[in-house]
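When the chains are written out, they are named A, B, C and D in that same order, and each has its own residue count from 1.
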Amino acid sequence: MGNFKGHALPGSFFLLFGLWWSVKYPMRYLCRKNKHVCYLASNSGYRRLEIIEGIVKAAFALIGMTAEQFVPDGPHLKLYNHEAKQWDHLMNWQHSTMYLFYGISGIVDIIVHITPAVPLAMDRLMLAIAIFIEGFLFYYHVHGREMLDIHVHILLLVAVFGASIGSFLEIFFRGNILLELFRASLCILQGSWFWQIGFVLYPPSGNSEWDQKSHNNMMFITMCYCWHYAFSLLIVAINFAIVSWFLLSGSRLRGECSNHEPLSYKTPVA
Amino acid sequence: MGNFKGHALPGSFFLLFGLWWSVKYPMRYLCRKNKHVCYLASNSGYRRLEIIEGIVKAAFALIGMTAEQFVPDGPHLKLYNHEAKQWDHLMNWQHSTMYLFYGISGIVDIIVHITPAVPLAMDRLMLAIAIFIEGFLFYYHVHGREMLDIHVHILLLVAVFGASIGSFLEIFFRGNILLELFRASLCILQGSWFWQIGFVLYPPSGNSEWDQKSHNNMMFITMCYCWHYAFSLLIVAINFAIVSWFLLSGSRLRGECSNHEPLSYKTPVA
Amino acid sequence: MGNFKGHALPGSFFLLFGLWWSVKYPMRYLCRKNKHVCYLASNSGYRRLEIIEGIVKAAFALIGMTAEQFVPDGPHLKLYNHEAKQWDHLMNWQHSTMYLFYGISGIVDIIVHITPAVPLAMDRLMLAIAIFIEGFLFYYHVHGREMLDIHVHILLLVAVFGASIGSFLEIFFRGNILLELFRASLCILQGSWFWQIGFVLYPPSGNSEWDQKSHNNMMFITMCYCWHYAFSLLIVAINFAIVSWFLLSGSRLRGECSNHEPLSYKTPVA
Amino acid sequence: MGNFKGHALPGSFFLLFGLWWSVKYPMRYLCRKNKHVCYLASNSGYRRLEIIEGIVKAAFALIGMTAEQFVPDGPHLKLYNHEAKQWDHLMNWQHSTMYLFYGISGIVDIIVHITPAVPLAMDRLMLAIAIFIEGFLFYYHVHGREMLDIHVHILLLVAVFGASIGSFLEIFFRGNILLELFRASLCILQGSWFWQIGFVLYPPSGNSEWDQKSHNNMMFITMCYCWHYAFSLLIVAINFAIVSWFLLSGSRLRGECSNHEPLSYKTPVA
């Protein structure tokens, strides 16, 4: 959807998931490390949570697909315009396709935690594929647009392909907190960058548009992207700190600290 | 072979192999996981199967090479046309070369399962090389053609290089069901895409050809490629489900379930 | 900063860190291997050293950022020039951003060695990100400049992305001496190349400038880059040799050699 | 050296090393696997061999550098022509630089097997760097030449960067026979391709030169490159078979087979 809302909607989805991941993974990591008794550390609790996450993901994808298809100027499931002899609303169809793969990823998330027959790491492989498809479609999406428009979308690809590679590595290094936080930070970056794209290409306040051909604007946008990532890293760090403080003080209050070994510095492997 | 059949033939080969892999690997994975007594789980049975697979692969490659060489407008093993002072039927020769490497891969499949001297993982390395060579030749193959023609072939490279990297990783992670299913899904994608290329570039029903320069067509084809992959993933998933259901009900019928531990949810590593 | 000092300053930072690493890592490696009793081999000593390194890194980054902002012709924290209706001093802002990420990396170095809650490998991930951001900004930095100017900066990217990949691998292979020395050598290369860029683009001695469009100059510069790396490898080798000789002779002098097994040839794994 | 000999010389070096590796690694692999008593299987024997290999490599590099510098139309160590105010014989200097890094790699080979202080895997890292530098220089080497000339050199880069990545992986998977044979096959490919380049660009028999702008020639050369690789794989396979047959029959003759377990089929991991 070539307007502000069409970028704000997926941006919010990504932000929500990124923020959730930046809370979930540190919580699980710290619970396990300190042998805390918490909901996330138990396997059945964790599994239930993952299933809910999968349902939410699939629901978001369904909302996105429906929105793309049935907005007033959408294709309404019509792919080919026989009168004009050309494809109809290809942009919306491409966006629907992106949502479709995230939907599949959500369904796979649910399946792997319900059926023991399916290998667990399948969810990470499917996530890597879904993210890759998003990047793949974006890459060919911007063909023939203006310089700044192309540039803001191409910058997005760095986060997209980074997250895809990270997810793929998680197949082999499942449960590696660093890869998980890396994915969370890139997800937040994607989310905030979608909002930024909306503000740059379709200023909602009715301001004058950005000069699409200015070399200066392009230089600024590149730098701005890095600032978004610094901001995203900061959020992940703050969430990690909050979770860590919360778990530590919680266990102190309940006097559980005496029952298990306290937070201690592990000797580095190196 | 620049016609419909020349794309349908390799497409069928790839489809057949992809479908077979999407049955073989889940069967082996589930047999092993549940300690089923099945043909695929025994080493000698599995080895015999792999040898047959290698023979079929080599036979297909031989058929492909022969077809490319001895079709009426083929080179008939003549490489250089001395009268016209130029290379003869280079397209056919390039296709023959692609088949050649798949043939070598088939022969290596046979050898590693016959001779204990040769390291087992050699089959995956050779497969990775064969797939890479296919992509490498395709990359230079399309030089100087029309936009849509180039685009449909370049899209293929995503599946090709993906499968090549996946096979290379299997050298180090042999027997990883995820890499095997990933390879199977990309193989099916390749197969169905070859058919799609045939339909786009050489419509068999005598319909009007596609506009090779239309930006709209290019956008549609990119999206269509993703749909093929979604379709391919669906097939792999269905095959997995069928195999899983078949093994489970089979063991129930024969009352074997009481002799070994039933399908149970393994706790996640993470 | 588009002058000689603006390249000499970061060059010196990188040289200093590269040289320090080429001493620190061999020392730690050899101490551990020979079970030497040395400051670096003890965990608390090593941790203290890492914290100091993090502080120095963060301090350097702060110096760099301050210098970029408050040089006479700098932006003085002003981002947008409302009179001229354009972005102000984007070059300096981009350099500040690069320093910012190294600053974050320094802070993370400190945190992971102070707090046991944070996973240790986070420092390598953050370093990989900081180096990647440097390369990413450089890549878009040179847009629209002269051929030789672009070339000397693009060459730098080989070292930058090499170091970034190396650091990323260290997440999984922490303490691998080869990756550490590889990183050190690339860091020295970056440092000496920054000096070289300064000499090529802004000759300090007031000599005539280099011809920016000469193909010959470009060929020479490419080769010169390789010589810098050969030189960098030599320095790492010499430092390794000095550290090795120092530790060996030191232990001999103190008569410690009798207490632990001497340097011995380990049988190769292969 | 822009003539036939200048390509035949390095080609012969690479061929020699590739052939030697395709004998050495299978011999070592099979000796170890079958617990043969052979010179290569003993650590001291293997180490001595590696040292000799390093010396030969360094000697070849020295010969190459000397030849590049002191051929009649060479630079004779003169880098800058002050009269013409330009760089002197840059081609020869670039080739010397390539040889230099292989020389360093040879010296490192010697050092790691003499001194126990240096980590063993350093030889593979240095080899990966030397091969990468060769590719890096080649990449910028061909700037501004004719189409076919560029193409034959660019094709070489596939083998070069493949070998470089393979060697880098050997740091982590040392002694993996597949990576070693992969490297050997790419080395033979490089060697035979250097000869091919010589024949294409400087036909020694005084034949008419190839048409440098023909699209047909380019297509043929790409395919020809694949044939060279098929040929290279064949040689590696034959050498493996000969070594395998030799070791087996040798042990039979000496009646050693009764003392150790015979060649037996290991069950596949998958």
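Here is the rule we use: contacts are C-beta pairs under 8 Å (C-beta built on N, C-alpha and C of every residue); 3 or more make two chains touch, one makes a residue touch a chain.
By chain, UniProt protein names: A, B, C, D = Transmembrane protein 45A.
Computed from a predicted structure; not experimentally measured.
Homomeric contact chain A/chain C: same residue numbering on both sides for under half of the interface positions.
Ranked by distance of CA centroids from chain B, the top chain is C. Chain centres here are Cα means. That of chain A falls 44 Å from that of chain D. For the pair chain B and chain D, the distance between mean C-alpha positions equals 31 Å. Contact with two or more other chains is made by no residue of chain D.
Of all possible chain pairings, those that touch are A-B, A-C, B-D, C-D. Chain C meets chain A in the complex at residues 28, 43, 46-47, 86-87, 90, 93-94, 97, 100-101, 104, 115-122, 125-126, 129, 133, 136-137, 140-141, 143-144, 171-172, 174-175.
Within the complex formed with chain A, the chain B residues making contact are 29-30, 33, 158, 173, 176-178, 181-182, 214-220, 222-223, 226-227, 229-230, 233, 240, 244, 248, 263-270.
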